[in-house]
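After this come two complexes, each holding subunit A, first together with subunit B and then together with subunit C.
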Partner chain A sequence: MSGATSDPRGGSIAGAQRAIAPRSGRPWTFYVLATLFALYVLALYGPMICIYILSFQDVRGGLVFPMKGHSLHWFVDLFTQVRTGDVKGSFDRSIKLAILVTILTVVISFLAGLGFRRRFAGDGVVFYMMIGSLVAPGLVLGLGTGLLFQALGIATSWYGSALGAQLSWTLPFGVLVMFAVMSRFDDAWEEAARDLGASRWQAIWLVIIPVLAPGLVAVALFGFTLSYDEFARSLQTAGSLNTLPLEIWSMTLNVTSPSLYALGTVTTIVSFIIIGASLGTIVMIQKRRGGHSPSSERSA
Partner chain B sequence: MKIERGDIELAGVCKSFDGAANVVDGVNLRIADGAYCCFLGPSGCGKTTILRMIAGHEDPTAGEILIGGQNVVGLAPAARRTAMMFQSYALFPHLSVRENVAFALRVRGMSKAERLRAADAMLEKVRLTQFADRLPAQLSGGQQQRVALARAAITEPRVLLLDEPLSALDEQLRVQMRQELRRMQRELGITFIHVTHTQLEAIALADLVVVMEQGRIKQAGPAREVYAEPYDRYVAEFLGGQNVLSGRVEKVNGASFVLAPPAQGRIEVPLCARPSLSVGDRVDIAVRRDDVELIRPGRELPPGHASALPSRVLAIEYQGYFVKVMLDTVPDDHFVAYVPERVFFADPFNVGDMVLATWVADRARPLA
Partner chain C sequence: MAGTATQTIDRPARANLTGWLYVMPLAVVLVPFFVAPILVVLAASFFSTDGFGGLTPGFTLSNYAEILRSGLTLNLYLSTIKFTLLTLIFTLVIGFFVAYFLVFHVRNQLLAIGLFLLCTVPFWTSNIIRMISWIPLLGKEGLINDALLATGLIHQPLEVLLFSDLAVVIAYVHQLTIFMIVPIFNAMARIDKKLIEAAVDAGASRLDIMRLIVVPMAKNGIALGSIFVMSIVMGDFFVVKVMSGGGSASVVGAFYEDVGVLQYPTAAASAVLLTLILLALVSLILRTVDIRREITQ
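So, the complex of A and B:
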């Protein structure tokens, strides 16, 4: 930019830019669209922000505005009172389930990504069956999973039937993300590793996984968040012990204090920590590689 | 068993990907130990497939591949003691230059200190020491190529396979890296097999040029032989620098024959390469563009010139040390004379001038 201004023709360039820019600021459409966007953001985040704010009331607090004082009373209440339900237990289960789902999603999506690099007999069928489970209504799918387990005589549980029902949702997502990630993977990298004497495992471990690491973190993030807040598929499959979203739902039916809101705030914070950690990891990996994507490096 | 020599023999090698069409179709070839061999041909002619089969990244459908006298079909690349330089270099984007070069030693289980020392020594050879800690994305195309070369060379291969190694570089760098490749080949003293579609690259580098068409070898020989004595029209046109004329043998005069039909003028060609030609046979002949001389009509042919073709000058291009003159000698085909600059400007022609294209009798050759 500084080069342009020191250019003797700089004046005429600036003049041309002035001529292109509208004389009287922004057109009226800008204000219409900006208002629309502001309303959209408000509708998107407003309800959540209401919950967060109301969770910080003091002991007199109720379920609606106006705020009655401010304190952390309801957060303490959340973890100490038995009448609010088994929050700690369900949180524990949800985290464990989410970690289990994440691991399975990453491993299976990664293998599917490797497998789908080449055509194989029935690859189309496998792909569309996967997409099918993505578009199937979650509540119905959960109901079906519960029924199937019952018919097979297996007790429904959060680590069994609910895990299966959630995977039917996270796996297609994970595999689709993996396809996008794999499209930027140059098979010559693997071939070069083999050419240099690496075994199949060494090629995967030393080349494919490190190169794909940011993508794998993204898949993990998908798996975790989709599982952590899954309700529809868990409802009929979690068995006698609730996951966190189910617990929150049952609390809305019988808890009439702001500890419900405090729970919302806590779970949101957990989500943000996980998302932040994942994105941070991706950024760190990219930075260590000089901030270049594989595509820009090949054109360099 | 270690393969010690880098001589290669391809015997009846075929490759088909779909079971129907042969991408490589019965290739027989012998490449001497320590030779620089270029496979030359248009894209899709099977040259890269041959390279990949020698490297062990594809298996031939039929035939044998021998390196150092040992059949290597089915062996892993590392066991063949070949190393490949990929077209896009395929440098590992997550590893530094030093770690890229040390990769082959790492998978062999060499200790970190030892392999990094070996990598540094190799980087010094390709003059990249100052870039050792960079990532591949932070290097220029020429530097990336040198890293790829170093990474392949550290395995101490007997054969280095290069897949279009210069195609990603710009023109100037290409000439420079070409010399570097040749220098490395001499220093390492190993067999290089280089795949390219650029004839200039092939004849500048290779001891053995292999011209391919549709999975078959059309001609294999030293660069000068392939350029100056092309086997047929395909080779002549692919290598360039030749005018190819088709016709029928009109008359055989002892050791030469007369070609029909130039409407006017006359073409007489020595029989040398095709002694069995007889009257009526269809034949292609080639004459090098730089052997064609242009004289003004009406002048007498210089001694030793048996052919003369009256032509009109279609276009003139100044090329520096020579002038490219395009003629309408053959309808619907190019006929070009490369006239040395000094000769041309002693008596310059203009577009539209009539000239006689002629050459010393034994400079024309019949093609197969």
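So, the complex of A and C:
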């Protein structure tokens, strides 16, 4: 926290902070709010860390502390026991589905982001359709989709109806992220490319996509993780084969051993790998651009 | 579409066409997977059933009559509204002050972004796992009870911690505070710091700044966050089901039970009712904030 005064960019911000925080050091509100923040982060991560620790117990392990031994018993149990269900298969399906959803979310959100830059007749209809899809109860939408497929005589499946149902959840987030990203994109850059003779697609490929790359990675992050953890909309649409969250759901109802925690640990590791890879990619792209680009200057 | 008169309407027409081409894929997904399912549920709410999952097309209001006449419905809504209000209050207070801390008190901008990311990472992990992760803490033999017993504050383990309304609210606040932090953080980050300096120079107290500058300018973020939290809590059922241990009910929980026993028409009617109430609440909030301007600017 010492970098404030030496930070060349923070001039006016540091000034304002001094305005809130008088020159004689930090005000009491800083310490109160810092404590609140620390408690919030503790409450955010503390419980999760508890179950990661508890998943490494040995065969005597229970659902609460104290730890009973150390082993990988419950991880082995998870992937070998039939009684806990088809964890391996559902894991496999969830990853494949998340990859499909990610690709579609990035492409569709990107195009929608380009489209929403200018007003056009009927744009409000699409916009509010998207907001509606975001706030509608997932279980209700899932049931509607299930009934619709039933009425049309199409079997529900994870790669069909569940894929669509998940897109109705990931796309609003993807487009919202695109809005944030596009608000920092200067249309003059595209116009300059067009003036220099680039076709519409060349301008997109050679100018817009490279400039927006970090934002598109963020959209991908939302697409993958929201799909990988999606539950309510998949429940009635995934068909006979479960995705991972559905498997976890049925485990919460009938498994009372640390294998539940082991599954939590495994799925969170996957999430963390995806989050780390995405954030790492964004940082790498920014760095290759030589520190802070004009867009990151204005970002905060 | 030829002639001089079309010259003027030609450009907007082209802009409309390009705009629609760009958002077409989005619409192609949302029509069959959002609009159509809603219409199907709406239609099903007027159908009758043979009790075995078969739907008989027709038009009857008996499903609505049934849920409106049932005393259970009111209880379900009261319980759901109670959880929604409690969650809104806690997420708003925590979210507001966390965002305020990050924007106005953390002096290093990189550190602020880092701490902001620290808050958002759990959002990208499984909600169900984050929910069950409270079991080792809140359980009868959990850490909190152990700690309280050790300090001698209590002599019997508290049973209200887990599988209770308290646990439900804790799980909601745990999952949803981020939906308040992000929009409020965005709104606050847009406040020109010079404005605050000017206010200080003009003799404003810290409370004045909060009351007259920060809160009004963060209002849109608060509205947006409230819409998220409200719609998620009202549309949720698994947090209530798992964290209350079956003791508390919710509107969508009852819907899920209905679907489980193939009572599609009553489930659909209850879903339509819930959606209408949710729509009314959301549009009430939208009257105070232009969400589209807020999001796209």
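In the analysis below, the second predicted complex is superposed on the first by the 250 of 300 C-alpha atoms of A that agree within 3 Å, B and C clash if a C-alpha of one lies under 4 Å from a C-alpha of the other, contacts with A are read in each partner's own complex, and residues count from 1 in each chain.
Just so it is clear, a residue touches a chain if its C-beta (ideal position, glycine included) is under 8 Å from a C-beta of that chain, and two chains touch if they have at least 3 such contacts.
For clarity, every value in this text was computed on a predicted model and none was experimentally measured.
Touch criterion met: A:A198 reaches subunit B, while subunit C stays clear of it. In the superposed model, A:N254 makes contact with neither subunit B nor subunit C. Legend: residue contacts after superposition of the two complexes on their common chain; A:T80 is shown touching neither subunit B nor subunit C.
Once the two complexes are laid over each other on the shared chain, residue contacts for A:D186 go to subunit B alone; subunit C is not touched. Looking at the superposition, the partner that touches the larger set of subunit A residues, subunit B or subunit C, turns out to be C. Within the superposed three-chain model, A:T225 lies in touch with subunit C and out of touch with subunit B [touch as defined at top]. Contacts of A:L206 after superposition: subunit B is touched, whereas subunit C is not reached. Of the two partner chains, subunit C is the only one touched by A:V107; subunit B is not. Shared-chain residue A:F120: touches subunit C; no touch with subunit B.
When the two complexes are superposed on chain A, the residues of subunit A that touch both subunit B and subunit C are 300. For subunit A in complex with subunit C, the touching residues are 1-5, 7, 9-10, 12-17, 19-21, 26-27, 29-30, 33-34, 36-37, 40-41, 43-48, 50-51, 54, 63-65, 104, 107-109, 111-112, 114-116, 118-124, 126-127, 129-145, 147-148, 151, 164-165, 167-168, 171, 175-176, 179-180, 183, 221-222, 225, 228-229, 231-232, 236, 245, 248-249, 252, 260-261, 263-264, 267-268, 271-272, 274-275, 279, 300. Per the touch definition, subunit A reaches subunit B in the complex via residues 186, 188-189, 191-199, 202, 206-207, 210-211, 213, 288-290, 292, 294, 296-298, 300.
Residues 12, 15-16, 18-27, 29-41, 44, 55, 94, 97-98, 100-102, 104-113, 115, 117-119, 121-122, 124-130, 132-137, 139, 141-143, 146, 174, 177, 186, 189, 193-194, 196-197, 199-201, 206, 209, 227-228, 231, 234-238, 242, 252, 255-256, 259, 264, 267-268, 271, 274-275, 278, 282, 291-292, 295-297 of subunit C are the ones touching subunit A in the complex. Those residues of subunit B that touch subunit A in the complex are listed here as 55-57, 76-78, 82-84, 86-88, 90-94, 103-104, 106-108, 134-141, 144, 151-152, 155.
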